[in-house]
Amino acid sequence: MKLIRAIIKPERLHAVKDRLNEVGIKGMTVSEVKGFGHQKGKTEFYRGNPVQVHFLPKIQIFLAVTDDKKDEVINVITEAARTGKYGDGKIFVNNLEEVVRIRTGEKGEEAL
Amino acid sequence: MNGANTAWILTSSALVLFMTLPGLGLFYAGLVKSRNTISTLAQCYGIAAVASVVWFVAGYSIAFSGENNYIGDLSKAFLSGVSLKSLSGDIPEILFVMFQMTFAIITPALIVGAYVERIKFSAVLFISTLWILAVYAPVTHWIWGGGWLADMGVFDFAGGLVVHATAGVSAIVIVKVLGPRVGFPQYFDPPHSPVIAMTGAAMLWVGWFGFNGGSALAANANAGMAILVTHISAATATLVWMFIDWYKNGKPGLVGIITGTIAGLATVTPASGFIGPMGGFILGLLSGSICYFAVGFIKFKLNIDDSLDVMAVHGVGGILGTLLAGILASGTFGGLGLEKTVFDQTMVQLIGVIAVVVFTAIVTYVICIITKSLFGLRVAEEQEISEGLDLGTHGEQSYRF
Amino acid sequence: MNGANTAWILTSSALVLFMTLPGLGLFYAGLVKSRNTISTLAQCYGIAAVASVVWFVAGYSIAFSGENNYIGDLSKAFLSGVSLKSLSGDIPEILFVMFQMTFAIITPALIVGAYVERIKFSAVLFISTLWILAVYAPVTHWIWGGGWLADMGVFDFAGGLVVHATAGVSAIVIVKVLGPRVGFPQYFDPPHSPVIAMTGAAMLWVGWFGFNGGSALAANANAGMAILVTHISAATATLVWMFIDWYKNGKPGLVGIITGTIAGLATVTPASGFIGPMGGFILGLLSGSICYFAVGFIKFKLNIDDSLDVMAVHGVGGILGTLLAGILASGTFGGLGLEKTVFDQTMVQLIGVIAVVVFTAIVTYVICIITKSLFGLRVAEEQEISEGLDLGTHGEQSYRF
Amino acid sequence: MNGANTAWILTSSALVLFMTLPGLGLFYAGLVKSRNTISTLAQCYGIAAVASVVWFVAGYSIAFSGENNYIGDLSKAFLSGVSLKSLSGDIPEILFVMFQMTFAIITPALIVGAYVERIKFSAVLFISTLWILAVYAPVTHWIWGGGWLADMGVFDFAGGLVVHATAGVSAIVIVKVLGPRVGFPQYFDPPHSPVIAMTGAAMLWVGWFGFNGGSALAANANAGMAILVTHISAATATLVWMFIDWYKNGKPGLVGIITGTIAGLATVTPASGFIGPMGGFILGLLSGSICYFAVGFIKFKLNIDDSLDVMAVHGVGGILGTLLAGILASGTFGGLGLEKTVFDQTMVQLIGVIAVVVFTAIVTYVICIITKSLFGLRVAEEQEISEGLDLGTHGEQSYRF
Amino acid sequence: MKLIRAIIKPERLHAVKDRLNEVGIKGMTVSEVKGFGHQKGKTEFYRGNPVQVHFLPKIQIFLAVTDDKKDEVINVITEAARTGKYGDGKIFVNNLEEVVRIRTGEKGEEAL
Amino acid sequence: MKLIRAIIKPERLHAVKDRLNEVGIKGMTVSEVKGFGHQKGKTEFYRGNPVQVHFLPKIQIFLAVTDDKKDEVINVITEAARTGKYGDGKIFVNNLEEVVRIRTGEKGEEAL
């Protein structure tokens, strides 16, 4: 199984979630994070004077999938999250050794 | 005793207290970093409590008793001799004491904006106590207590000098002794909640009706005119600040919008009993623009970390309004008229400004030096940059959602 | 001049300003998405500033000068001729100007609830300016400025037509031209903070004492009765809304509870000077239930994204109260009595409603078309769905905890 | 009818309503866990609505009609017979009804602090309804409605017994029947937002000017003295609490600071019309220290989960002030004097305290038992510890940033 | 060493933490996340009209342990977090290559 | 590639970020977490009575790097985040199998 972690723009969350459901992803965990990268930080103003804001709000989607689903999920997220502008985000994948469903104690793929 | 006037001053006392608690507290708290929110509120709140007791013990007496031209005596300490029967004008003196107390509360609280996010709470309380006795009460005596500036006929209807000039000047002096926040001006965090700041600003606007309107000490056309010109100046300055911001930075920020309001209110304060609607409009135009540039100038040219711009908004505004009060009082600008010539009156205003600025600067400096040697002024640097004054000084966290 | 009445109207002016700033601002800001909080506040705040200046420049004159039955003239533009001596009734005219100004502030601000989260800030300010001059001031002239509806003897004590009907109708018209928020009605976010919304609603409730009570323009039994019936209607509507919600959805939501209050307050407004406690109670029962269903009907049946239900609450309420004012003024319902027969009075009320609704709808539509062609009405879709109007339009973030 | 007094009581009615909505609501909401914020606000708000209707229907009549010494009759139910002409003293009776209504609103709302975070909303509304009719209205009749304690000449200017003692005692009784929050006292969450709590406390402070000042029912020196002594007591208690905290725990917490204020305000309430500034100062010193220790004693010694310390702050304070009212009214302490000897007066005060405490405890207990058997008092444990009452009972989330 | 990430119901955090301490876990990191899965979203109401809320509040516990402790920790969390209802959450395990304690620079197991 | 996750004290974030930029790290993702460990919880007070707070605010820095950069990054973070007091935090490293840049679809090291 694989652990997929995608950092995306907040406004894309709805779209990504909907597309993932369509391809049969029944569960995911999201959290609010702040990102720093090519995309420049924003300039806000305080009483007419500029203030640099370095970190930008992003959403992290955290998703465990079976190996066979991996590529499909990556493609789905890439498409749904893309705006073509800097700051679209990244997808990180690594190996997942074990999963347990707390409610039932089920282990492995059927716990997903 | 006039019941109608009494009714209005009872109301005005509530309105002016409301300006400080929660008004000013929220206005300032919204502008600081999240981790110093409680500290900022506690400073305003603590000052309100201390000022009330100090005013009761000696402040009122120093400001409003005796024949001396420069300072009152202690004949009314602990309000001795202020009975149910004593009147000041045609309202009960005890009510006048209360109304004036709310001014003695907000003035030192205004200075909080200068030293937030780094000062010791003990220093705040100690400085404020001395400051009320040695700066605020004497200046009040000069101007409203029958002192020498009153004799000269200076115009200061609701406290351009007594309140805003003293607060603004002291802000600069204290910051000079205290030093800037760590990282200033490179690292500079935007306000943690413009929403909270706007709530406070709006409360200040509303409360100002009692501040300027109540200063007529009567429920009459004078009070009506005072709140109208106050309101027009506030609204106009709000728009001016907003449009400059919009033009310069492409975006009209809410923090700027509400700062314009405060600038307009502080500026019209000394003039509000002498001018007409057009005068209020003019003061709005001037304060909205002059204070706007004063903020950038003091903070980023002079690099003085008067953190929430007390001098730029209150000091500059209060002085500006004081200097223009004479001119705008003239019929030419639809003012209510004046006995002296505009020139003579303006000279008096100028003398008032110079005297108050110099006196305030010197005495406040001395107070800071004393306090520094007794308590020290700053919290530990680690507290300032890490946990913040909320947890560090007050042991509480401002939000736990 | 009557000092007591002056004292009460000074207070009422502060109370009604308080309704808009911060009251209405917080009420609306709490109901929108977090990323549009500052924008919503800035809209209310900016309108308050603009309306004040417009009222001073020409609005007051258009509403309250001249002999013409349909519109005032510019003889009092810039408040010329309004001196310390001029009276309106037995209070200073300058104070009447101020009191009326607070009404001219809140009325266009009420409409904010219709177009939040998607409209351009420039459009808000431009529309509001024209709207005050071309809709609000004339209608005020008709009803309170000695115009034709006043001659017919229409009952509109504190603005069921002048304030709430005009705001409600304009809400629908503007939204029709502007269009709904992206995703409406499928994606629909709940209020980002019922806590903030409740704070605003409570302030509106309190301020309404000045709104309806102050409209007596005197400190007497009439004012006392006005605030009592206002309060009873508000409390009753609150409970009615709450119980319907509880019954229908199993849970009494706080947002519903406070919306009931506003419905009760808007509905009693036109009648508050003519009815007795029982009349207030009846209006509470009716407004709490009728406005409840109006919300669902307009939003989810007609699919009109009057985002914060200005028409359903203020429009429907104000019209309902206006139509019932005559009936409830009769002795049968413990009202204060009326000269005409209930039927004749109700016909007059009906004519008033029709005239105001039609006039407002047409003029507001024209204003929207003009504004749209000059500035465009909506922010870029990306701004609306992504960063929000806070960062997009005002360059600020509402919370940074 | 006296217009000036009417103007002040109109204002006071707004101020006292403001104390509950949003004042008390925010004060309490800031002290609970984030997930019970809406629930706490809804309880205060719902009680305000219910109390208003109950007061209109029968409460006012039970308190202020008839010749009976122990309870009023229903001759004024639905305010029948209260016309525009009826006066009470020299203000319109209808206004007196309104002013008293705001007291009938805040008193049961004070009790909310005892049972937050675990009680059923239905139980809150039901208990409050019975409580106003069976506890509050009768006690009001005894003391302010010409009942037996009034005949004895008990001093309770603005409600030390009528408001604070009844609320405090009922708090303990209800909690005894209801039980503590799950996990109390081991797991104990700090207030979720001292910022919100401070905002509410400040509003209470300001509103109290109408509460105590308005209880003079006139705009005169008496009202002026009342707000001054009220303010001095509040400020002094604030400082006392703060310094004890600082000394004991090394840190002056904001929650403690504002709690000191409320203690000072509650304590001075019964005495505020009889004492002088020095009396206010003394009550501030005593309340700030005695209530401080009462909190720890009741919560952590007696282990009674009077969650927001209604008894320790309001009950103890109100009783303390009532017992000392006679002594501090004497000239020795700069009081306004009394007809009886200090000893006799204090005996009367003592009788008043005992009667009110015993009566309130018994009747409140019966009400709780009835409510428990009809509705049950507590929400499901899972709701209490997991989603909280906001989502569980009201289906809403307090913050969505 | 293993990295254990558990998604649980907020109300279970206290219980889970206490039980973990009992079995000698001295450190952990928690964060607020939002979850989506079998458990249905809540329905809130806006002025009497239903509003669907899709993501539910969850707590993520993030925990590094030595290999031998792994199974015990999983069992402890599973027991303490279980309510038997949908939405109890999941436990994800993967391999941890390296740990550093910033204060001391210690590496590996003694850094835990 | 490696996934580096550092838990640090909030007040060190600025310093760590600046140092990372100096060594050429162009991107990172941070989030607010709460920590529990050797460092004792704080005591707050409620109306004069002590209240224990167990979890302390921390910042998590989440960072994908190429294998060769790994050690340098660890050192940089360790130095910049260290105060020498309990609670300085920890750095966790594990293997990263795949990365995708959403904007371009690039995969692997050039996606960083």
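Observations on the structure shown:
Residue numbering begins at 1 within each chain, and the chains themselves are lettered A, B, C, D, E and F in the order written.
Rule of thumb we're sticking to: a residue touches a chain if its C-beta (ideal position, glycine included) is under 8 Å from a C-beta of that chain, and two chains touch if they have at least 3 such contacts.
Since this is a predicted model, take the numbers as computed values, not measurements.
Note on connectivity: the fewest steps through touching chains from chain B to chain F is 1. Touching chain C and chain F at once are the following chains: A, B, D, E. Legend: contact pairs of B-F compared by residue number with C-E, D-F or A-C; the interface matching in over half of them is A-C.
The mean-CA centres of chain E and chain F are about 18 angstrom from one another, to the nearest whole unit.
Between the Cα centres of chain A and chain B there is a gap of 50 Å. One inter-chain figure worth recording: chain B and chain C are separated by 33 Å, centre to centre, where each centre is the mean of the chain's CA atoms. Residue positions 2-4, 7-8, 11, 189-191, 219, 249, 251, 253, 255, 395-399, 401 of chain B are each in touch with at least two other chains. In chain A, the positions touching at least two other chains are 31, 44-45, 53, 94-95. All chain pairs that touch, listed by label, are A-B, A-C, A-E, A-F, B-C, B-D, B-F, C-D, C-E, D-E, D-F, E-F. Of all residues in chain F, only 3, 17, 26-31, 62, 64, 94-103, 105, 111 touch chain A in the complex they form. Residues 188-191, 241, 244-245, 248-249, 251, 253, 255-256, 259, 292, 295-296, 299-300, 309 of chain C are the ones that touch chain E when the two sit in their complex.
Residues of chain F touching chain B in their complex: 9-11, 14, 42-45. Residue ranges of chain D in contact with chain B, taken from their complex: 2-5, 7-8, 11, 15, 34, 189-195, 198-199, 202-203, 205-207, 209-210, 213, 218-225, 227-228, 231-232, 234-236, 238-239, 242, 249-255, 257-258, 261, 276-278, 281, 336, 398-399, 401. By the touch criterion given at the top, residues 2, 6-8, 31-38, 54-55, 58, 60, 74, 77-78, 81-95 of chain F touch chain E in their complex.
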